[in-house]
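Here come two complexes built around subunit A, the first alongside subunit B, the second alongside subunit C.
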Partner chain A sequence: MIYLDNAATTLIKPDSVIEAVVSAMKTQGNASRGAHGATLTASRTVYDARVKIAKFFNFDKPSNVVFTCNSTEALNIVISGLINDGDHVVSTDTEHNSVLRPLYHLRDTKNIDLQFVKANEKGILCISDFEKIISKKTKVVVVNHISNLTGNVNDIKKISDIAHDAGAVLIVDGSQSAGTMNVDVKALGIDVYCFTGHKGLFGPQGTGGLLVRDGIEIEPFKRGGSGVQTYNEDQPKEYPTRLEAGTLNSHGIAGLSAAIDFISEVGVINIHKKEVELTKYFYDAVMKIDGVKVYGDFSDFDNHAAIVSLNVKDYDSGEVADALSNDYGIATRSGAHCVPRLHIALGTKNQGAVRFSFSYFTTYEELDVAIGALKEIAS
Partner chain B sequence: MIYLDNAATTLIKPDSVIEAVVSAMKTQGNASRGAHGATLTASRTVYDARVKIAKFFNFDKPSNVVFTCNSTEALNIVISGLINDGDHVVSTDTEHNSVLRPLYHLRDTKNIDLQFVKANEKGILCISDFEKIISKKTKVVVVNHISNLTGNVNDIKKISDIAHDAGAVLIVDGSQSAGTMNVDVKALGIDVYCFTGHKGLFGPQGTGGLLVRDGIEIEPFKRGGSGVQTYNEDQPKEYPTRLEAGTLNSHGIAGLSAAIDFISEVGVINIHKKEVELTKYFYDAVMKIDGVKVYGDFSDFDNHAAIVSLNVKDYDSGEVADALSNDYGIATRSGAHCVPRLHIALGTKNQGAVRFSFSYFTTYEELDVAIGALKEIAS
Partner chain C sequence: MPLLIIYVKMDNSDFHYFIIFDTYEDAMAMHDALDKASIENKISPAPLDLVEGVCCGVSLMIMPDDKEKLDEFLKNNNDKNLKYEKIVKAERKFKPNRDRYC
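Up next is the complex of A and B:
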């Protein structure tokens, strides 16, 4: 199988990630529960992972690295825990349902004033639209770093400046950026960064988290055992325990920690560079195929993720993906990709789109097979 | 190390569980996202796990087996998703903070009328107290199957009868019962059973779930990508998607599935039988040690979990556990075990208790070392 669905989950994980999970499953007790060898091994693994992740994203407070089971949970935590009745909230047409559905729920139950920055037909968000919509009444801005459909990278620094000038908090959905490009949360001015472990970071499924800038107070989402303050009727106020009830997935976190090591050794900039080259190679080739229409903004490959979404003529995207899978052994993703507003902006609500997404482990030979397959399907 | 902290997390996992996780990490895409080989492999693993888990607990609807990252999440989902403003809710003194803290939060924010069945000095809940407190106004009863501190098993069938006679829904915290005794949710009359994967079930951390009886409508807890109904602004209404937003931990679920196979092959009744024998052996020996006080109801070993919590004289439980760990290499858990009300009932709020908890893989040789260590500490 040629796996070109890395924006959904990376299939090839570094061996060291798998080895770390195996080792953890053989040696780690319950993190932060007790003081014997096995629990301390787990606690150390988790703490080391917080430190590594903080360093990786240039975030200065490891104790504010909160672990979750995926980025959807991280986004639910911060959206439900920061936004209050009647707040003005700004988001965008390019968001995933992991942002949209929690926001719609708050609109319907807490009467929040929800406004969206519109995407154009290339899925581009105009910075001037953020300036128009964000105002002193804005409490929170939620925006993805990279679109999971077009691969467009949003200008987080500029959005952050606008949000902060208005006194708003900026939440960034980093599901597609963590591990695939250099993310410096301090330089970008991100207040809360949500990430998942199993995509660009090459970690196991069941891992993810959020980085919460010091001073940002997020209400607990889950409540339960914390291993400390048993007689406190509330969840402890201190991060990370405040947002981490119950037994942590220290087995998965061990894998994520090894994955961060792998990326740090290779260099996230080198990973991004290779992915840019793969993307440019694929894009240039498929743009030459009659009947192929590509979505997104490819004016600057250095500032684009390893995602190319396209359609062939007026063929249903599901049928094209099925043909790629059944006839060529190529794994892609079709349909709506959980981004309803963006498909409407792109004009692809009915057709969906076929998404090709690459990773550091993707080869040019694989791309050639995919390009050849698209040529045959289009002809 | 002699690991006697299995009620926190089982440390020895069957080899097949680790192998299943490794295989999953090498072959599984994102479950329920797309239709290519890798995603179908993940989807099949997840579906098979639902079927196996349903069968294991004699639950008849695999699609109502919902996966979570642990039992704390399962309990938060059902408690926050079933209980409404002003509801009368009955719980008990023996609950874990994973039940208590979500309930206290609803008491403080939704003005629920929360009443507790009291535990006596052995941690026993009187069935007649349930009869007194549960009434036609009761909406929900939440009770643990097995206490994580005393190992006492609650008579779920009788509690269920009382709850159902009053028209209430019964939620059972099965954190300590899943995998350690035969749990037949139909025979026991459980409406919602919450379990974790990493304790008695021998699965990986990061797994767990809830079984939701048909007809029980739980509000979504998290909202986000579901791989279906992209244009629906709400989380889909159908189980399990209704309660499962974002990428599932299909790597962990593969391990949990293998763990269920292991337990089914050995026979959960045989596992329970061995644990009963280990518990009786340990209990009988430590009861003979001057200065050791054991907590809980050991009148019927067949109806008791493999948990023995005790104190030595008036020694701080943390110091005893540290001595066991440092001087004898024995891993136990001390302190308050996230059960504040139960410690008050037992009179151990200040001292805490040292918990020894066994698994199918615990040996008599290990128990002998622990018994010898307790003798030395007590003398």
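Up next is the complex of A and C:
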């Protein structure tokens, strides 16, 4: 199989990640639950992972690295824990349902004032539109770093400046940026960064988290066992315990920790560079195929993710993806990609799109097969 | 095969000091910092009777001989990420040198 669905989940993981999970399953007890050897092994793994993740994203407070099971959970935690009745919230057309659905739910249940920055036909968000919509009444701005459909990278620093000038908190969905490009949460001015472990970070599914800037008080999403402050009737207020009730996925976190080691060793800059080259190679080739239409802004490959979404003539995207899978053994993702507003903006609500997404482990030979397949399908 | 010699400090003291924390993460951070500063410490269950149960489930146990070094370290510490709730002194309730048959 040629796996080109890395924006959904990276399939090829470093061996060290797999070995770390196996080793953890054989040796780790329950993290933060006591002081015997097995629990300390788990606690050490989890603690080291927090420290590594903080360093990886240039975040200076390891104790505010909160583990979740993925970005969706992280986004639900921060959206539901930070937004109150009647708050003015700004988001965008490019968001995933992991942002949209929690926001729609709050709109319907807490009567929040929800406004969206529109995407144009290339899926681009205009910064001036953020300036128009964000005001002193805005409590929270939620935006993705990279679109999972177009691969466009949003200018987080500029959005952060606008949000902070208005006194709003900026939540960033980093599902597609974590591990695929250098993310410096401090330099970008991010208040809460949500990430998942199983995509660009090469970690196991069931891992992810959020980085919470000091001073941001998120109401707990769940309450329960913490291994600490047992006689406190409320969930402890200190991070990360505040948001981590229940046993952590320390086996998965061991894998995520090894994945961070791998990326740090290779260098996230080198990973991004290789992915940019792969993307440019594929984009240049498919743009020459009659009947292929590519979506997104490819004016600056260095500032673009390894995602190329396209359609062939007026063919249903599902039919194309199925042909790619059945006839050529190529795994892609068709349909709506959980981004309803963006598909509407791109004019692809009915057709969907076929998304090709690459990783550091993708080869040019694999891309050549995919390019050849598209030529045949379009012929 | 190289011979591995592990030096274990004899602990015959009648009491210990325990650093108490709000979270497990604070305890791990302090443990690493004390290790780096060569101040002997052991991750240990917190003495609940002395902290009324309102604390992190673990503590760092410090032997009396090292208390002075610990105080000096904490006095000079500028790392904002190193936090602790308090330090308590706890007497040992059972004999460290008891006879053992199993």
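Following the convention adopted for this analysis, the second predicted complex is superposed on the first by the 379 of 379 C-alpha atoms of A that agree within 3 Å, B and C clash if a C-alpha of one lies under 4 Å from a C-alpha of the other, contacts with A are read in each partner's own complex, and residues count from 1 in each chain.
The criterion applied here is as follows: a contact is a pair of C-beta atoms (placed from the backbone, for glycine too) under 8 Å apart; a residue touches a chain by one contact, two chains touch by 3 or more.
These figures come from a predicted structure and were not determined experimentally.
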item: Which of subunit B and subunit C A:257 touches, first, second, both or neither; value: neither
item: Partner chain in contact with A:35 - subunit B first, subunit C second, else both or neither; value: both
item: Which of subunit B and subunit C A:357 touches, first, second, both or neither; value: neither
item: Touching partner for A:45 - first (subunit B), second (subunit C), both, neither; value: neither
item: More subunit A residues in contact - subunit B or subunit C; value: B
item: Contacts of A:233 with subunit B and subunit C, given as first, second, both or neither; value: first
item: Subunit B versus subunit C as contact partner of A:241, first or second or both or neither; value: second
item: Which superposed partner A:61 touches (first subunit B, second subunit C, both, neither); value: second
item: Residues on subunit A lying within both footprints (that of subunit B and that of subunit C); value: 33-35, 227, 230-231
item: List of subunit B residues in touch with subunit A within their complex; value: 1, 3, 5, 8-9, 11, 13, 17-18, 21-22, 25-30, 33-39, 69-73, 75-76, 96-102, 104-105, 196, 198, 204-207, 220-227, 230-231, 233-235, 245-252, 255, 318, 321-322, 324-325, 329-340, 343, 349
item: Residues of subunit A that touch subunit C when the two form their complex; value: 31-35, 40, 43-44, 47, 50, 60-63, 227-232, 236, 238-241
item: Residue ranges of subunit C in contact with subunit A within the complex; value: 22-26, 28-29, 43-45, 52-58, 81
